[in-house]
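Take a look at these structures.
One chain, subunit A, appears in both complexes that follow, with subunit B as partner in the first and subunit C in the second.
Presenting the complex of A and B:
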């Protein structure tokens, strides 16, 4: 068998697959950011906190209500999405006419408040959440042992990502949305309720973050800081893919997951920075991002 | 203005009328109040220090103690800036706790520069009493050498003679890997390799697969807090334990075990300096602590309590806030408190007390939310900590 730089091929295949799994989280999270930025022009820094809320709501449903993983996969995004809608109506909607920076600062402040509240009530050590019984165990693929749950993470993210892409790029609803961001007055004149559509879009983007949170709950520690660590990386993914590009954020999400995974084999110390190095290079060569439209 | 004069007159007359001239002491609890180590140190350490002051009845003995606290965010530069300001402007006499090895090493140097007292409880690196030792440092609760001599030795002697390390890529992780490697090799084992992961990390599956591929019998987790929790969770998911490899969590706190749940953590061995359910004294203390904080104390918080108590005894004996005399007295007096029992402080600042090898109970054995550990063995302080001669602390070995 051939070896690449001293790494046996089965190890490499395993790492590629792991990279793809991590990429799934990047893809779903950066997709939510891209939807919100692309259609609302808001840089949603509260995305990491909303991802964390998704995981916490799943935990709360189980602990306080005895509601398990599968209903939570649907309920938690709805609940967090509604909270997102309330925030949009009360606070964010007031900022659409102002510079991007105000939206960024507001959502960043919201993220700190939300994380602080959860930290105050639940501490930072994390809460236990088991993998649903139907997805316990795993498959021996020959080159690695793939836990069933991780396989499910890839499948679920791919479905959600491409479903979202299809809805926005290929359906009448998506066409209305895109038109409303180009020229809200004109679309409003055709009888479309533009503010309501924008509110629902924000809610949908937030729900995507919460969905990723529920996916993450059984495998990562459910703690108030879980989103804060991830959000910076996800922003880098969005910048590399091109701000607001739906397909760009999906593809770069998965792609960067794989690159990061390979870095963990060849130079583990660099795995925390590799995405930012790529971001710097992309910004120098193609400032609008790999899939972005030049302004 | 009149009110202020009246107040100070009252203060002066109180001083004159008192049995002895009061000593004013300011203690600074410097730790992680919001990040990964906030639950095992954080506000709980502040409460522990306050309890020590109350139990010692400092006010009744003419010692006015003021406790302040700050969040060092696990960053050495922030920690040393706060320490500097505390010593320089806020009149702090001693800094307590300071988890995260890199920040503790920074605070140790600042404390020596100002000639104050540093009683560390939260940090792990044994370098605090080895190459980076300072005459002003007291290292209370545990260190990487003791962890290695507990879990590392027990696991190797039980047949786990080949190791692979997952190491948090900062001062603590490397110190723990170094000290455990020494113990594994001394016990006849062999280290096959290691991988350094970013701190803090989220996904450890890549590193776990590398550890799996190494074929080592034992995967040593030279990390802490949420990193260890995630490593153990994900190792169970990837079937690593079912595949015949054994996990050794080299630094686990009670809060981590609680977070993992007995179901996932059962059978794991860990080394600790303190467990709430050891005897009547520890149970009584923990019950009071739990009323304040909602959870029993970690060994770090227990160490802050014991360290504060011993410090106050020395202040009483010295009768002033003279730091040099206080440290000398702390090292002369035997340590004796309800939580750690009897012990002593070595010249290099290392506190010698018993350590305990514990095992996580199975869900069937556990009778309550926090009933998580059972004792496997007691390791005497002399066996647990590295002998001073081998530590390389220059000032302690000089004479």
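Presenting the complex of A and C:
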């Protein structure tokens, strides 16, 4: 077997795999942020809390309703998405005429409420969620051991990301959406119900976060704080990629996950901050982000 | 260039705004009188905590209310200053004024570093960038040797002021803290009501026009960013001397959120708003601490209500009623 700079390939590939998994979450979450930002012009600070809700709803479905992983993978995003739609209608919709910063402050408040409530009832110690039986065990690839569930997380994220990309870039619905992002008044004049589109877009973005949460539930323990720190890293990912491009968000998410994984191999102390360092470099060289249009 | 800018700002209207208006003088004198009597009425450590947070919120408001820049990472300056001050007092044995100075200078340098990168983006990107850098500082504090990781720096000594006056007694130390925080708040008031503050206001209201008038907008933004970080650091450093402690709480993102809450609740862009907001939030945390995570929920609810129907904040509403800027 080959060795790279004295690092055994198992270690390298193992960290690459973890990097890809983290990258999957970055990609799905930053994609959701970008979709919401495109149409609503707000940064959804509650995204991390909604990711956490996805994991919790999956856990609740199993614990209280006996509903397993596969239905939860569909049900939890729908439930959390509907809650998101309600929040958008009741609260966020009142802010569209104001400075965008108010949207950030409002969703920050929502994140505090959601996280506080879950912390109150479930504590911070974390709840276990079993890997579904079909995905237990793993494959011996000869050079490394690939747990089935981790492989599935990557595959599912890629499918969801590219499905979203296809829907936005290649379908008629997506064309309306992109047009409304450019000029909502004009699209409204053509008879498209823009406010409803905005609401559904928010619901969809939130559902993406919840989907990532369900995927994360068996890997990380289900914990009220699981989204809080993650979302800050995702913000950095979004700054690096720029939110102008759907494909850009996806590629930046996966790419930064891999870079983070590699850093863990070669310079473990730096792995927690490498994404922030990259953000600093990008701000110096190309402030609008790798795939961003001008600020 | 500087003479050029002086002529530009030397209009009569601005001269009038430089002196402190009569009602503000009265308010500050009354405030000072209350603060002098305060340690004999309430627990002095609590009073000092409120004053440190009042200065912190005023520093934050300097950037948001007058510079129009929403930073979501002010815990970085507050927390790092607190760590450096605690380290200076404990390991180097510095006197309180020098330890606090060391912490404040650290915050200023950190503000220069982060600010020069962050001002390259605007609006919500600016908020996200500052939050991300603050998280980086948090990880640094978590991993670095001198910060003590999860334990923080504990049992920080309060050495003799100027090497002469013992500061062990909380009431005595209170007056030193009063001097620092009240002085800091007056200094911030002076900054916002100077020609520099007027230019900041112009940039906030209409940046392209300020550029077309020949102002180096980014230089102004960076200056106000560094000033804001410096005063946030002054507050954090002082707080670590008050509590004999520097910990991860001070550098965590929830601290950044709290200072936003104080400013929003009191009224951003007002002089007294951040002070009122700090008093309310700190008091609430103190008296509702037994509720545990409900405090977070309550803070979130205040955020939501504040943003939806109370955007001027308490002082903003009052200043409308009295028709005077407060």
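Criterion: the second predicted complex is superposed on the first by the 289 of 295 C-alpha atoms of A that agree within 3 Å, B and C clash if a C-alpha of one lies under 4 Å from a C-alpha of the other, contacts with A are read in each partner's own complex, and residues count from 1 in each chain.
As a working rule, contacts are C-beta pairs under 8 Å (C-beta built on N, C-alpha and C of every residue); 3 or more make two chains touch, one makes a residue touch a chain.
Computed from a predicted model, the values in this text were never measured in an experiment.
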| item | value |
| --- | --- |
| Clash or fit, subunit B versus subunit C on superposed subunit A | clash |
| Which superposed partner A:239 touches (first subunit B, second subunit C, both, neither) | second |
| Which of subunit B and subunit C A:91 touches, first, second, both or neither | second |
| Which of subunit B and subunit C A:119 touches, first, second, both or neither | both |
| Touched partner set for A:68, first subunit B, second subunit C, both or neither | neither |
| Contacts of A:269 with subunit B and subunit C, given as first, second, both or neither | both |
| Which of subunit B and subunit C A:229 touches, first, second, both or neither | both |
| Contacts of A:105 with subunit B and subunit C, given as first, second, both or neither | second |
| Against subunit C, colliding segment of subunit B, chosen among 9-17, 63-71, 99-107 or 315-323 | 99-107 |
| Residues of subunit A at both interfaces, subunit B in one complex, subunit C in the other | 116, 119, 229, 269, 272 |
| Footprint of subunit A on subunit B - complex, ascending | 34-40, 169, 195-198, 200-203, 205-207, 209-210, 213, 225-226, 229-230, 233-234, 237-239, 243, 255-256, 258-261, 263-264, 295 |
| Footprint of subunit C on subunit A - complex, ascending | 42-43, 91, 94-95, 98, 100-106, 108-117, 119-120, 228-229, 232-233, 235-236, 238-239, 269, 272-273, 276-277, 279-280, 283-284, 287, 295 |
| Footprint of subunit A on subunit C - complex, ascending | 70, 72, 117-118, 120-125, 127-129, 131-133, 135-136, 139-140, 142-143, 253, 257, 260, 264, 292-297, 299-304, 306-308, 311 |
| Residue ranges of subunit A touching subunit B (in the complex, touch as defined) | 8, 11, 14-15, 18-19, 21-22, 116, 119, 123-128, 130-131, 137-138, 144-145, 147, 149-150, 219-221, 223, 225-226, 229-230, 261, 264-265, 268-269, 271-272 |
